[in-house]
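Below are two complexes that have subunit A in common, paired first with subunit B and then with subunit C.
Let's look at the complex of A and B:
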């Protein structure tokens, strides 16, 4: 294969972003920044976000599009986390309880969401966005009226409902490292291991009969129908799987971050994850585990590196603006590529 | 009759909700009417700017935020140049045009590459251009782009402040001709401009270009084979919408009187679209009546929700979140209904065609 074919295969945006990130790492020592710490930060963020990005894969594979409705799955995860804290479950058990409830709610929410998306074939992405938004608003009401009692979650004096941010310090903060007895190492081994487990499960799933059926629906719906696959059911299955993974993903994110963020926090959560998987080379119709790994690393790399590097060069923090341009530019690029409708 | 009811289910539901909740909100009638008149004059122009791309079959144009940004850039300039009152507003509209046209062409070209998913693409495009806007306004202005009035800039010497005081042009349009009926102030001039846009839209639909757009909206293939330049027509629809949105944002901001440089435009697309849909429009059909009733109903929700929430649930927050839920939920619901209806129509068409083919075969055999 010649160079041009290689470049086309990788895609220009990926090459540009890759080179951009590499140049930032290289420039680190010249700007007096600690390269090791910078890489470490990138890995920590990778560990936090990888499962969230992975959650997009089933829906893309089943042809249900980019899951702009991810906040719905995230809300399921938030319910899992808050219920776990309410029950007072601490340590690794607490984490498992949170995951368990996250999965249960993920399945319920995902199933309803799947039914909605089946009614909206061809316009999934737009509708998904709004299902996500409205679910955030509905859950905002829930956070205010659900009868949570735990002192760690409600306002100390007055005020009704749960706090906007809840610390998990006393429950399962960085439990994935603690459980491996790696308290002093900053590298997120626990998160990486758990990501590998889930990635393995997903890639195995797509080799089973059920997974292949799902993929067939995404590749060619008419063909799938002809072979007797129940399209509606496969689509719902993919949505449930995606929502479930998003729910698990947010719990992993929280245990690494240290806080459960409620209310409007999940509002725009879908966009960075979608940008990440697209940077990794996924398209609206096709995504692999490798796309997830590369994409999350590149995207989170840019997020961690731009503030410090740009600050080092021109003494201004432009990170937020660059993040907006890069992530939405990536989504835009994917939406406008030909032949993927 | 039944079909009418189904088509207007959304406004009927919202109207019922408001009718039920209004007495409980404890609001008085006259101030509420004043509020509604104010909000009509503030928002209707923006909502009307959505209509033309719908005719062209491009769905709800979230890209009106691009126009809004163009309008805001124009307002920053006239504030910097200290141009006062109606002249300032007039100049701002003129300055906004080139920016809007450029952004509109860009948006139209991009949407031509994303046929079939215009809405989500225009939404992401809005986010993307917002980033570029930040780059220009927050880092470029006062640095590369010359700003004379240092009071407009952040203390670091470049970048426009978070809030720009539009005192020079505040209510410049609204107070030009002002009528007071039963303590309700009516900004006649602004409403006249809005009416003008309404008539323009009606007239425009009847022109050659308007008819072309309708043809493109109904079936691109047919339009192409009848000699219409489809991509160009689509770009034009977006350009017109963007330019109008720029004007709309200027009208909106002159009424409010201060501009949140980095936030004022963000919600414009979402709110305008929600208002239009609440009025009973869909992503393929929208009338001026939809726009007017939509703005009234949607903003009634705004006014009523916090008070009703406080009185019914004991918390204004719950009412506010409920309103957010309703407005996003309505958008999701109408989009689902629309998609579902389109699917049914397609199936029906296919069935008819099949029947026709079958019949044809039978006839051939009998011959």
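Let's look at the complex of A and C:
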């Protein structure tokens, strides 16, 4: 009885995916793969993506839907990163400057984005997708014409405009580990700590007056109205919060990855994050921190493990093909059951 | 004229365990006009749905008893079969295509056609419409009504009354139509237009078309009908020729119940008649189905004021309008101070609160705990139940919230496992008590309570009313109760305002005769 209740709480999809993932870890030694490295890879990817997935929570809670417009927040983060490099800020300070500018642009972009979404009540997700896409196009132009001068970022040999990929090696590569003096350990402790901090802030936020108001708007708009809550305002707030977190999330992603990717890179940023949170058990209307943690781990775990395991079995290198099939397959699966999972 | 066109024998219908119609017997002769009256929920619309063969009836298990048309037993499974037998219905909501011409609407799907060359290849779907013939037919139908309406006009450009006539014209254009059911056709019409409509109905009946006329305006029944059928709580109370009765008697049958047996309000409160807490002037609310039009009302401090009225007359709209949930205009004065309309936070901050008639939709977050539901407005409006976290966050104080909830669980006897239970799991009566607890936590000076006993069982009804009465007495809170059940209002109110057609028709003391109140509800109050 008790077991059944626990199973129901966790949900069958997560148990099945979890078992599948576990079976891949178990098969590692038999295929001659290094289990420790495999687990480490999974955790690194978890650390890179967790805050991006977390950024979906405010909008889901406020009933503004899944944030398909995440690329917009990501662009804000990219602006933060490039400005920080342009200013020549290095080390942890450089990282903080990047975060600071990411937050500023996140707020501005999010506010405009929120105004647009309020005009599209009921059809937010479709509109959000295109807001995200068009922001990428707009920023493609911006990367070329914004007056960046740093030699590390512009095209080599005196060109103008930013490169597609900018290394942060000399600035704040893996700064979250370096700052903790853990150079020899590969485990992403810094990312996990910063995720825990943000997760704590978010869960506390939803216990404040403002957070409760936002949640009321998401669960029952009529109730919120009768309680004197300004619905439009709460919705904009949630969008600002989500965009801000997405901006911070991408900076964390970059410091772990080592590169700032511009131009078309943010295009499909939203889909893996959304798939992760849905697999974690969130619905379009409700998401918890636990959904974020479970979902990110399962999604990233499968994504890292499947290519290497399949490669190990068929003995040919087609990891990239398999990665694309698996990631898009999981997104498809998650989106088809966004209501029930 | 003696042939029975429609005969209904021992008709019963229940939805699940809920019996809505029991042993209905009546018949209509050719060319007769029958008025069908009853309070909300008396079973009028269910009866009409059965006669017209709406599929809901079949889907919910059909009905018991017999319906005969022209002496032949019928059992329609869809409205098309009813149309085939010559029964037409004009619904309360218009079913016209706005962008089409009147003539096109009248002959829709029965158009006269001309032979077309393409027909040979693509079948009947491409036959040409014979516009002239269609216009002709429409004009004939409108003529039959004895009216002058341009059949070439587009529906959107027409006054409401004309749309109503076009609907009727469409039904009688069918050659077969022998029986016409009109559901509240005068609800949207002005007095003058109603008169014309009634004239039209009479003309039609002379041409041999029988009519079932549903309305809440009893004077129209007396005026137009040959016979009146009164329903109450699913029972047929009376079927009598209108010439043998009058409005007063009909009202009595409609509202009925043993009037004497009820406890009458004994008021020991002292209410200062001059001390007005809330005043509405030329107040309009655009709430679909419950419009308030140019209403004026003064509420005295400390009283319980009842708002009575038939469904759709606007009594529900008043509270929703004042609280800013539906678009409103006009003047609202609370304690002598102007309140801005259409801003829900405004009246809440000033000390008003609203317990909505839509308990599950507006009143509660079903997925939340009892405790949180009770605390929500107080957190948002009064910033109560918050504690500070390192002076950065002000977050909810679970302990206080739970204490407050437990307090009310005891006081209002809310049956539940704990204050952490989700409200969705509670019964209707207990949910209502949670709504009241929420209101009491706000400690308002004026409380709107809409339909507090709707959908809850008899025992709980009494409890809820007692709670309200006690709260009024102890806290001197002014309460405005809206209810469809006049009996209830008479039990706990000091005064009852009857709302009819979006306006206050009369304000009576709660001790007033129930028949008197009933008459104001059906719009014949001033006659005596």
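Keep this in mind: the second predicted complex is superposed on the first by the 300 of 341 C-alpha atoms of A that agree within 3 Å, B and C clash if a C-alpha of one lies under 4 Å from a C-alpha of the other, contacts with A are read in each partner's own complex, and residues count from 1 in each chain.
One rule holds for everything that comes next: contacts are C-beta pairs under 8 Å (C-beta built on N, C-alpha and C of every residue); 3 or more make two chains touch, one makes a residue touch a chain.
No experiment lies behind these values; they were computed from the predicted model shown.
Q: In the superposed arrangement, does A:122 touch subunit B (first), subunit C (second), both or neither?
A: A:122: touches subunit B, not subunit C.
Q: Tell me which partner A:155 touches in the superposition: subunit B (first), subunit C (second), both or neither.
A: After superposing on A, A:155 lies clear of both subunit B and subunit C.
Q: Looking at A:134, would you say it contacts subunit B, subunit C, both, or neither? Reply first, second, both or neither.
A: Touch partner of A:134: subunit B, not subunit C.
Q: Identify which of subunit B and subunit C touches the larger number of residues of subunit A.
A: B
Q: Considering only the touch criterion stated at the top, classify A:30 as touching first (subunit B), second (subunit C), both, or neither.
A: neither
Q: With both complexes superposed on chain A, which partner does A:227 reach: first (subunit B), second (subunit C), both or neither?
A: Second partner only, subunit C.
Q: Between subunit B (first) and subunit C (second), which, if any, makes contact with A:200: first, second, both or neither?
A: Neither partner.
Q: Just which bits of subunit A does subunit B share with subunit C as contact spots?
A: Comparing the two interfaces on subunit A, one with subunit B and one with subunit C, no residues are shared.
Q: Where on subunit A is subunit B touching in the complex?
A: On the subunit A side, the touching residues are 68, 116, 119-123, 125-127, 129-131, 133-134, 137-138, 140-141, 144-145, 160-161, 271, 316, 318, 320-322, 324-325, 328-329, 331-332, 335-338, 341.
Q: Quick check on the complex: what are the subunit B residues that touch subunit A?
A: 110, 113-117, 119-121, 123-125, 127-128, 130-132, 134-135, 138-139, 313, 315, 317-318, 321-322, 324-325, 328-329, 331-332, 335-336, 338-340, 342-343
Q: Any idea which subunit A residues touch subunit C in the complex?
A: Per the touch definition, subunit A meets subunit C at residues 204-205, 207-209, 212-213, 216, 219-220, 222-223, 225-230.
Q: Residue numbers of subunit C touching subunit A in their complex, please.
A: Spelled out, the residues of subunit C in touch with subunit A are 323-325, 344-346, 348-349, 354, 356, 358, 361-368, 376-377, 379-381, 383, 386, 389, 393-396.
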